[in-house]
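What follows is chain A paired twice: with chain B in the first complex and chain C in the second.
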Partner chain A sequence: MNSQKKLIVSHAPFLHIGSGITERNLHIIYAALPALLLGGLFRFGIPAIGVVCLSVSTAMLWELLMNRAMKRPVSVGDGNAALIGLLLAMLLPATAPWWLVITGTFVAIVIGKQIFGGIGGNAFNPVALSVAILMVSWKDYFDFNGMLMNYDPDFIMAYPLATLKNFGVSGIEQYSISDFLLGRQSGGIGATFGIGLLLGGAYLIMRGFIRWEISIAYLAGVFVTALLFNLTDPTRYADPFFHIFTGYTLIGAFFLATEDSSSPVNFIPMLIYGAAGGLMTILIRNIGAYIDGTVLAILVINLINPLLDKIRPKAMGKVV
Partner chain B sequence: MIKRSFFGFTTPRIQYLPMPGQVTTPAPLKRPDNVTLLVPCPAGDVDDKLVQIGDHVKSGQKISLTSAPGAYGIASLSGTLSAIDRFPGEAGREYTAVTITAAEAETLDNAFEDRSEPTLENAAAFLACAPGAPSFEPFTEPDKPIHTIIVNGMDQDLLVMTAQYTLAFRMADIQAGIKFLKAVTGVENIVLATPRDAMHGYGEIGASVMTMDATYPSGLPKLIAQKVLEKEIPNGKSFQDMGVCFFTAEAVASIGRAFSDRQIPFEKTITFIDKQGNRSLISARIGTPIADILKEYQVSLEEKDRIIIGGPMTGHSIFSTQYPVQPFTDAILLQDHGDIALTSDYPCINCGDCVRMCPARIQVNLLVRFLEAGFYEEAAEAYDLSACLECGICSYVCVSKIPIFQYIRLAKHELGRVASEETATEEATDE
Partner chain C sequence: MLSEKQLKIVYGLIIYLLFVGVLCYAAFPEKSPDEPVRMMFKVAAGKVLFDHKAHTSELKYGLSCYDCHHHPMDDDSSLVACGDCHHTTEKADGLPENCLECHDADEVEDTEMLKRSDAFHDQCINCHQDFEAGPVACAACHVVL
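Up next, the complex of A and B:
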């Protein structure tokens, strides 16, 4: 018996569907590329490339440092840190200074993710948390009109949501939805190209890497709330399509709200979660102090996620 | 083998594989040089007066190890007892391994011929080790009577085709078995559960036929019982509590064959799945070491390959090729060391794939967090640990490759152990 070859003994099941965390993160990165490359790097040029590279690399570096400091296995290879860095860069203006990027990735990786125990443990979306903290701390760097002043493309370079806030509906008549879809608008590096984000979102939904219920409910929440505002007073509140295609709405719907660990998994909770996010986004935009409430709205729905987990189907054979 | 489809927005459906058309009869294995019977009793309890090394046995002879009614094996080979050893089974179960070394000639034992009246006593005393392992214990509890017998014609796992073969080719035996089951147990309500795509038109078989979905895990006993009873079985209630009892199709065929031929059958039909995934049926004597089967099929085992008894979702892997074929061994699955999916210690990322796939509607993402931390009581109280059907789908789809199924089994085992220890202490203090 002892001369026998050793066999692997383990517990059932002995098959695996073949999915993996690295694959999942990689595909989310792929899905973000159209919006990033065509909408961001092409439009904003070298400064944007610098921000993206710095953001992705420092995010991975913070992850590695935290792995070392916490004496945990190195998890840089799973692609999650790179994804967080990429999404953060997509929300920043192309001219963001280096220290803002590094602080941003520090907040996202260390405070947003690793302190909670790493991947799967974070209660809040690390990217949304980081942008929210940066936005509150250095709000001038999120003033896209000021930051992108030196760009002079052939379309209106005024940040649409800022125009809406400052000049009301009459100010936004000059914008067209087709410009927003084609990325002819001011905004974060990867948040301007509507078609690219929609394509990426459709890819993620089709492949099952994100939960479609959340994205659709989020967009529906934005649409319905904006529509209600618009119906009550069309002179003060913009129409719903304007809200869907400007600011962080699309990237929020497909890339931020759908982050696995901070979102629910059951059908009804996902709908409530998404719709509440859309509602909060429009509330902040229309009657709040901030120009774009997407990241704050996402933090709020992250907060109600544990509560939503209580809404769940009755398990088989459970006697109440 | 079965991989995620490109499109992932709907939940994947895991199908039972139907039997290929060309399968006819299982290939019989040549007579083994020795067989090992695993008898469910601790080796320390073996009574020397009943059994000793060196005893001669005939094929089909009952070998009782103790005076307890269930502690026996049926010799599947004529020869001499060459070893009686302790054999630790899975989850702390104790068996005694009785090894028979073949004699030159094959002689049949005729003790069962005199006891072949179809009575409960005879069936329980002789047939518990027949292929398919029919258990008559549920009929010995008078305060929990059985009103429905379910003959399970569904294979217990993917890729397995033992039950499908039995339904397709041994219907006469099953029919006889159902007749004898009625006589033995007095239960008139017998339901035969079959796969949806099995052939129909069985004719008058004395049982009502119920077809099951071809999607895994619809063939698990609890799901079949719920379909037959048309209600959910409350957690903590056994099949016995609900008045139902299961026999596999092969067990019923064995009962039919035993009482018609007045001989206890000991040839087990096994689905053999090689490393390439080719499936074939073989017929081996119970107790045949798996090494014999591998030799017959000229399988070369490499270091770190895996041998699985049962199917890919719920089977168990073994560490030695000397492990014998048992009465309930429906399938033997080989995996090449390159094909083995390993588990990881990554945390749950809350993707929800398991929750969407769980047939028992358990919040696996929440449950696994408690199980990983060892909070088994909370898991059982608030997160429906006891509702688990043990189908293995959660581990199969897990993106983080967490061994969720193993955690669940461990938790159930630990809770069971603690509960039995508590009862033991209570009884001790009562005395």
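Up next, the complex of A and C:
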């Protein structure tokens, strides 16, 4: 018999390592702050502060209301509702009207999360679901060109993905990748500052709060698909770096696709899940009817997540 | 689970953020600048994003206000929105049908009031052609998405 001791479990009492849902959500919020503060609030000013504060507070209020209505323990302190509100605000334009923000947090918390039974039960990412519903219902409010008309920064304020969709590759020659990295582009409150999002993502991966397999596979999916399109016809399809640093790609890769309950847990499924998300994003952008396909692509991969979870290691021994 | 004290802090945070959010919306409503930066014309043929500042800025095209905002006097009275006189096909209520409704015959040369679409098409395309700069094809300005 094998005498090597592989697993030793001592008896109680146990010491808690201090890690929990609250800590996890707080760290994801911390990771989002560079992109939010430097890229969003600094650039878009008081209107953006209004959107963020209203979004976070109403998301927590919807959560509290649902806790009371469903006679469940108060879960508003775990930070998950605040995180959902924050991420939703980061995808909205700075001039989003108050009712759009409140409707958005209602859809995210009530329809996206609580009716599935709360945290961990949701099949779809609540933020992606909310943005998709808002975008289909009121598409003009997600037209960043129309929403951010009064901002007058020292860079090109035309939304890069809209320019690409409407005027093709010749229209995007005026943009530069370094501008995108420094947040010098039009877009959602927290989705424009490339370096900030990359730093936040790297922090979450290094601390183990999100799985690198999903984020990297997603970005690789975007890159390879965009590259294939670009090689096929460089006059019609933009280069892969343009797609990675514009729109919701980075925030999608690090903050949306990696959400726990709507993403797979095993290595191969995570790679397929991420790569499929990247593929869908570019398919929607290049040949679909929408300017940015990120949130819709994430909903599609959320949908295939239960199937992907079936790819798992076989149990050892004979199972009767 | 959070303690009573921690829960009170969370409730306090909700109230504080809600207050700041409402304050930002109520006290700082979005105001359009006196001189537009960019404008979007939403029309049946597809919306048009017009960079007003690029046309007036000395660093770009450096046009004078009165190059486009024409009026008998060429003074501040010219600086009104185009749609204040040039009406759309659908919306003509209360807008002048003819220049002579406001001006005397000796003030104006051409008395016909162009529709907004005709006025814009003439103004934009003619100028772009004269200077051999800027778009003239439909899809170079009008976009669907």
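Keep in mind that, in the parts below, the second predicted complex is superposed on the first by the 301 of 320 C-alpha atoms of A that agree within 3 Å, B and C clash if a C-alpha of one lies under 4 Å from a C-alpha of the other, contacts with A are read in each partner's own complex, and residues count from 1 in each chain.
One rule holds for everything that comes next: contacts are C-beta pairs under 8 Å (C-beta built on N, C-alpha and C of every residue); 3 or more make two chains touch, one makes a residue touch a chain.
Keep in mind the model is a prediction, meaning the values are calculated, not measured.
Enquirer: With the two complexes superposed on chain A, say which partner A:Glu173 touches: chain B (first), chain C (second), both, or neither.
Expert: neither
Enquirer: Have a look and say if chain B or chain C is in touch with more residues of chain A.
Expert: B
Enquirer: Counting only touches as set out at the top, which of chain B and chain C does A:Asp154 meet: first, second, both, neither?
Expert: So A:Asp154 meets neither chain B nor chain C here.
Enquirer: Taking the superposition as given, does A:Ser263 touch the first partner, chain B, the second, chain C, both, or neither?
Expert: So A:Ser263 only meets chain B here.
Enquirer: Please work out whether A:Ile291 is in contact with chain B alone, chain C alone, both, or neither, and reply first, second, both or neither.
Expert: In the superposition, A:Ile291 touches chain C alone.
Enquirer: Tell me which partner A:Cys53 touches in the superposition: chain B (first), chain C (second), both or neither.
Expert: Touch status of A:Cys53: second partner only.
Enquirer: Would you mind writing out the residues of chain A in touch with chain C in their complex?
Expert: 22, 46-47, 49-58, 60-61, 64, 73-74, 76-77, 95, 98, 145-146, 149-152, 157-158, 162, 165-167, 289-291
Enquirer: What residues on chain B touch chain A, complex-wise?
Expert: Residues of chain B touching chain A: 1-4, 6-10, 12, 158, 232-235, 237, 301-308, 310, 312-322, 333, 335, 337, 340-343, 346-353, 355-356, 359-363, 365-366, 384, 386-387, 389, 392-393, 395-401, 403, 405-406, 409.
Enquirer: Could you pull out which chain A residues touch chain B in their complex?
Expert: 1, 4-21, 24, 78, 117-121, 205-209, 211-212, 260-263, 265-266, 309, 312-319
Enquirer: Across the complex, what residues on chain C touch chain A?
Expert: Its residues touching chain A are 1-2, 6-7, 10, 13-15, 17-18, 20-25, 28, 30-33, 36-40, 42, 47, 49, 53, 140, 143-145.
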